[in-house]
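Shared between the two complexes below is chain A, which pairs with chain B and chain C, respectively.
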Partner chain A sequence: MTEIKNAHFTTLKGAYDTEKMEATLRVRRYDPETKKSRFDNFTVTIPVTASVLDALDAIKDTHDGTLSYRKSCRMAVCGSCGMRVDGGAALACKTPMKKFVDAGHTITVSPMGNLPVIKDLVVDMAPFWQKIRAVKPYLDTRDVDVPEKEWRVEPAASDQIHKESLCILCGCCVSECNSMESDPEFLGPAALAKAYRFVGDARDQDTRERLRDLNGAHGIWDCTRCYFCNQRCPKHVDPRDAIAKLGAESFKEGFTRDEGAKHAKVFVDSTYKGGYLRETELVPKTIGPVNAIKDMPFALQLARAGKVPNPLSPHKAKDNDEVKRLWKLLEKEAKGQPRRANAKHPDAVQGD
Partner chain B sequence: MNCNGTEFANRDACHVLAGIRHHTYSAYTRGIAVHCFRRFLVIRHDVIVLGAGLAGMRAAIEAKRAGVDVAVISKLHPTRSHSGAAEGGINAALGNATEDSPATHAFDTVKGSDYLGDQDAIEIFAQEAPGDIYELEHMGAIFTRAADGKLAQRPFGAAGAPRTIYSADITGHVLIHVLYEQLVKHEIKVYEEFFATQVVVDGGQCAGVIAWDTQRGGLHAIQANHVILATGGVGRMYYGTTNAFACTGDGMSLAWNAGVPLKDMEFLQFHPTTLKSNGVLITEGCRGEGGYLRNKDGDRFMVADAPNAMELASRDVVSRAEWKEIADGRGVDGCVMLDLTHLGWKKLQSRLPGSRELAMDYAGVDPIEQPIPVRPGAHYMMGGVDCDVWGETIVPGLWAAGEVSCVSIHGANRLGGNSLMETVVFGRRAGQAAAERVKEQGDTGARIEASVLADEDRRIAAIVGNSEGERPGVLREELAKTMYDKAGVYRTEEALTECKEKVVELRERAKTLKIDDHGSIFNTDLTSAIELNSLLECADCLVTSALARKESRGAHSRLDHTERDDDHWLKHTLNWNDNGEVRLDYKPVTITKHQPLARSY
Partner chain C sequence: MQDRYAYYPGCLASLSQKELDSSTRAIAKKLEIELVEMPSVTCCGAGDIHEAKPDYYLHISARILGQAEQMGCETILTICNVCTLNLRQANKALQEDKDVLNRVNDNLKQVGAATYQGGVDIRHLLWEVSAGEGYDRFKSIAVKSLEGLKVAPFYGCQILRPAKILGFENSDRPESLERLITACGAEPIDYPAKVKCCGFPIVLAREDVALGELVQPLQQATEAGADVIVTPCPLCHLSLDAWQRKASAFAGSDYQIPILHLAQLLGAAAGIEESELKFKRHVTRLSPEVKAKLKVPSAIGTQA
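Then we have the complex of A and B:
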């Protein structure tokens, strides 16, 4: 038999060589059959490049096969492995272990919040998907004739929904949502970002109806603007920004009757007029004079605690003209931005 | 209805219930009977789609539009499917960037396949691709646009024109979400986190699927005369792989055990640019946008093997060139360098932001400043379930589409951007064909018998009840290293023989596994045991086919048979299941216009 040329090509030497480290994790466990929860500590040997997910795999393969968690792509695109690391939601596959090991810190891994736990780190995502479905999550081009080829959309118009299109529906934002904690029916950051993905889409013809629905109960104005969703989103979707954009679009379409919308409007008007937020006006203008009177005992309580500013403070800031100049600058900038371009607008897109 | 969630502790009692003493409650909704055997839920649909990636969802949408009752079964939520990880793009000859035609697309694909692709199927594929792209766009896909508002197209490996439509470097993500949106719009029933354990054939006809409900526990017979397999690939049998943990060849194993042969399993594509740490893919788009591959001396080594196409030669060619550099000591820590530094911040940030983030997260380098260390990793199974141009297998009623199938479009080597397109074209065709068959035939009478369900339950119970042996994860890693070392980019008789012996040994050792979790709710110990079995069966098919094919063609490169041998090997390999052993057989390749030529780039 003739000698094989380059026989050393078959196996790459050192293909698995990696530096290893020892890591300890504290993992929240929940057994659905006994309905009991506890914390377990595990110490595992993992490569220095390992993620929290790799560490969980090491636990499962070498210590305890009963540990349950979701995983699939391990590259931060499938959205399966959302869980809390030291109390805040993150993708386990996108969280490197090395920094914790170097700091000598034992991380605590627990299931995401605002969703019922099924087992260990696995949560029931059904309420999450229900909210996604509630925002009519598909393009609606209505009765507009579909072009033979593609819709023509300018790159700038397409960029309007770029951030929202990055969402992988992992639920990390929902896990940390403060509003949802007090109102479980609040649509929440993920569903609202999804909603803006369509409201901002040049091809969608359902903008007005979408915005009307989003202005209803448990809608966009129930967000408390804590920005936890922006902070926790592993894909830089910035759901709170999407909610703000939905608010702005709602104003343009004339949906200003929700208390949340009125509240936002007082901020805008008051600062424009006087350079100050006149808090005395805030409550009556938001919830109406009758309700404001009803809330007087509460207001007095606040006043006694020193939490009501002096209603007689100056009504105009000294350099109010500067505020107005700033205002005009912002307005000009907003006009310069590419507008939502669809068939309802003059810069309409059409197919070939 | 108390049909779910009975614990495994009562499994003996359950066997009795399943087989003999079952209580039947039935509810009739829209003509569909829902029987409830206490613990076993028996459901009926016209068409079942197994897997909810691009091919599966596209098939389901088409069947639903045709008006039949269709449901999807998936071990993951649809948007978790691995189609979502595809980065670079999807090929169709739109001619938006430069002149292009389906005929050129077809020729590039035939040549790329090293003439092993079936040319009738490739013609259909290239012809129907543009229509499917426009449809995806109308569904709402957010593709990257050119300045004129049309869909932008970028160059990809071994393509005669810029043909790849894309969405920055997250094309798969955008598509998986747009099809999921359509799934919601069409109100298609999804059995989420249901793990299929058996495709049942009754009297030579497809009868449905038996599936384990991961979330609640319980084994269910889901009756359907038509089952479309769309379960994706099998990359997890390799150590260095771009594939998700979920890509374990489940559908291939299900079909193989249902008596359908697997075709061309020796052709496993290695992607040239994957990260060493965890195999994560860095898109071919990086080279499409002008990236260079360099060895440790900084030389662009592709000049030796593909002086014209350079880094944009087809994937098998680039992977071999890289592997050679590393094996000959011209690599850096077992990798070569993907250099994007000359592209500039702006281009990287607008066209390849995802790749930049992946490199920073998993390789610790910012490609704006430093080259990314990459090496070839197992990426795509060109082979799969043998089926025709409508996706139908030899078992009437059993269909396949996407990576699980082998139509064959890709032959011995797939071109980048063709797999996403295949999922959509052939997913649609399978959905359409299955729906038409339902309308023509009505009920074929094939059924999953209670005894079959009871047998399957005993099998699953035996796996869950086992606590002697090795853990599934440990055996999987041993398999993955064996495959990467002995059946990688370059192969020899000697290495493949060792590989085969090892795979046979592992299959034996996997008969008893150490299962810690004996519960029924979210028992991922159980599912990984079943997945390991699928991987081992597919690995056995791969290595057996590779040992037999004494030539080098496309992704199958033998150091002891370095030339392509059209006289003896211009044929498809078939792997039959012969009582658990692999039996080889062959069938001819369909050639229409393009006679085999020497392939160079």
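Then we have the complex of A and C:
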């Protein structure tokens, strides 16, 4: 096996002194000229500390210079080397090889999903950037005298969007998004996490317009809650949680006309009224009575199997007055708090 | 596995998916575990209340957890992925931040509801019977070998992801269902979509997007030669079972694959009768061949 002696490893202090291991990788190749895909296996000798990206570098340096992939910082900051390792999107630079070698496992490296492949492991990020641009990823400071120096924000206000600010735009969350597989136009987890980063920003003046836009087709209510985005994100942004926060902000601002929001409202109302979900109200209240009637043959199929609970005697939990009182208490408490739009200025502190 | 659980069947098993509740009660009896009723609970919110009214979600969850605590139960047994995630997610938020817990408890006290001290765990039936002592208990009651039955496991999302809240097993390569299918004497069938979404959370609001997701497991499990799909989640079940015809029309196919609740599969292997497993309450009926392989005593669901 070829000993790797290249500039890359010599820059790692002590890398040559570390123990070496032999690793095999199965790499998906795609040739844009022939439009054909194949898998190539490569075996390389790499330091025990090597990442998947180091292993790809070793392949490119010693086996096949035509292997294409993106990389830059090698330290999980730039977001360039997103790719699938055994089918799950990850940063190649942040994924150590040793655990696979120790397990005697040959990893499969393939390009991220939900994005067109250009060559080998390189995907076309254009649709990704288009969606990021669609959520206006910049502060709207209309009607505000923007300070000349920095515009300081109280830590508590900054904390609101801390997680979403950690995004490095690598695309790992998008790769396995189940809704996007089904609806390629879905804005998706990265763009929606970015959207919340601005909706939740105490300085931004565009909250209502942003939320209005996010409540339409391909917006927040397209999310199927598969949680692949939270699972894949290498920076713990938890995009699904950001989407839920956008839902809550939408409710606060009164954007509740999307079918997704109506669906959510039935759950809220059901607990208040009786405890468990009122299943028979879910369909007409989400899609409207006319569409519900159009869907009657389907409802009859369910009824035949005994799956339509009697709407005249809905479930009533014991002691549900507690829940009613709780709801009223929390609504009163929420009303006492300033609405987000008004809360922004007191939170924002002008710089020295 | 414990001998006593606070039992939280959730909305679907209590209403449209009653066969899951009755199968669970039957298998619990065989496993000699006591299911303590929780008559005052609400819906977990199914993620919808978390999304619409997160503060209210946290409070109603704390109320549910507090009730289990007051009943002297350390663990809530769930039979639904969505209940499992929602209760565990709230539990984590309450346990990790004393200020949050105190504020929630102050409000619960004000309305006369049970408060929560933070000492309850939430476990899905799948977790309890697929490992450790619970698995041994199940093996000892799995007296009927379902030999020849090919079962495609369908995990659903919210029993696997996010792993930091669920974390029972490797979320990309789970094997608890396979372990139980094998313990039943049946053959697990592998296919990629077994860890993907059934589309149910958006099937009313975005039907086409949901059906695009739903066709994947139906198509793949059918192609892999599965007789049935088994799932630990009643929402996945409803999607795979009741929406199967719509998915067929959407994909231009004709899927005819029965969907079993996990408790029904376990129940069949434990020799529980049709009157408790209630296969008749499925929209996609069992074929005579599948019926024969499930070996359930007395008449079971026939082709509609």
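The criterion applied here is as follows: the second predicted complex is superposed on the first by the 283 of 352 C-alpha atoms of A that agree within 3 Å, B and C clash if a C-alpha of one lies under 4 Å from a C-alpha of the other, contacts with A are read in each partner's own complex, and residues count from 1 in each chain.
As a convention for this text, a residue touches a chain if its C-beta (ideal position, glycine included) is under 8 Å from a C-beta of that chain, and two chains touch if they have at least 3 such contacts.
All figures in this text were calculated on a predicted structure; none of them were measured in a lab.
A.B. asks: Is A:E249 touching anything from chain B or chain C once the two structures are fitted on A? First, second, both or neither.
C.D. replies: So A:E249 meets neither chain B nor chain C here.
A.B. asks: Is A:P137 contacted by the first partner chain B, the second partner chain C, both or neither?
C.D. replies: First partner only, chain B.
A.B. asks: Would you sort A:L302 into first (chain B), second (chain C), both or neither based on which partner it touches?
C.D. replies: A:L302 sits against chain C, while chain B stays out of touch.
A.B. asks: Just to be sure I read the superposition right, which of the two partners does A:L329 touch: chain B = first, chain C = second, or both, or neither?
C.D. replies: The answer is second: A:L329 touches chain C but not chain B.
A.B. asks: Kindly classify A:D54 by the partners it touches after superposition: chain B alone (first), chain C alone (second), both, or neither?
C.D. replies: Touch partner of A:D54: chain B, not chain C.
A.B. asks: If you stack the two complexes on chain A, which partner ends up touching A:E181: first (chain B), second (chain C), both, or neither?
C.D. replies: The second partner, chain C, only.
A.B. asks: Give every residue of chain A touching chain C within the complex, in rising order.
C.D. replies: Touch residues, chain A against chain C: 86-88, 178-179, 181-183, 186, 221-228, 230-231, 238, 240, 243-245, 247-248, 251, 258-268, 270-271, 275-277, 279, 282-283, 286-287, 298, 301-302, 304-309, 315, 317-320, 322-323, 325-327, 329-330, 333-334.
A.B. asks: With touch defined as at the start, can you tell me which chain C residues reach chain A in the complex?
C.D. replies: So the residues of chain C in touch with chain A come to 10-12, 14-18, 39-43, 45-56, 59-60, 63, 107-108, 110-113, 157-158, 160-163, 171-172, 192, 196-197, 199, 201-202, 204-206, 208-213, 238, 242, 245-246, 280-283, 304.
A.B. asks: In the complex, go through chain B and note every residue touching chain A.
C.D. replies: By the definition above, chain B touches chain A via 7, 76-77, 79-82, 84-85, 94, 133-134, 137-140, 142-151, 167, 170, 172-174, 177, 181-182, 184-185, 215, 239-240, 244-246, 277-278, 280-281, 323-324, 326-327, 333-334, 357-358, 361-362, 364, 375, 471, 473-474, 477, 481, 484-486, 488-492, 494-495, 514-517, 519, 521-525, 559-560, 562.
A.B. asks: Under the definition above, what is the set of chain A residues touching chain B in their complex?
C.D. replies: Contact set of chain A toward chain B: 4-18, 31-33, 47, 49, 51, 54, 57, 60-62, 64-66, 68-80, 94, 96, 118-120, 122, 124-125, 129, 132-133, 137-139, 141, 146, 148-155, 158, 161-162, 165-169, 198, 201, 203-204, 349.
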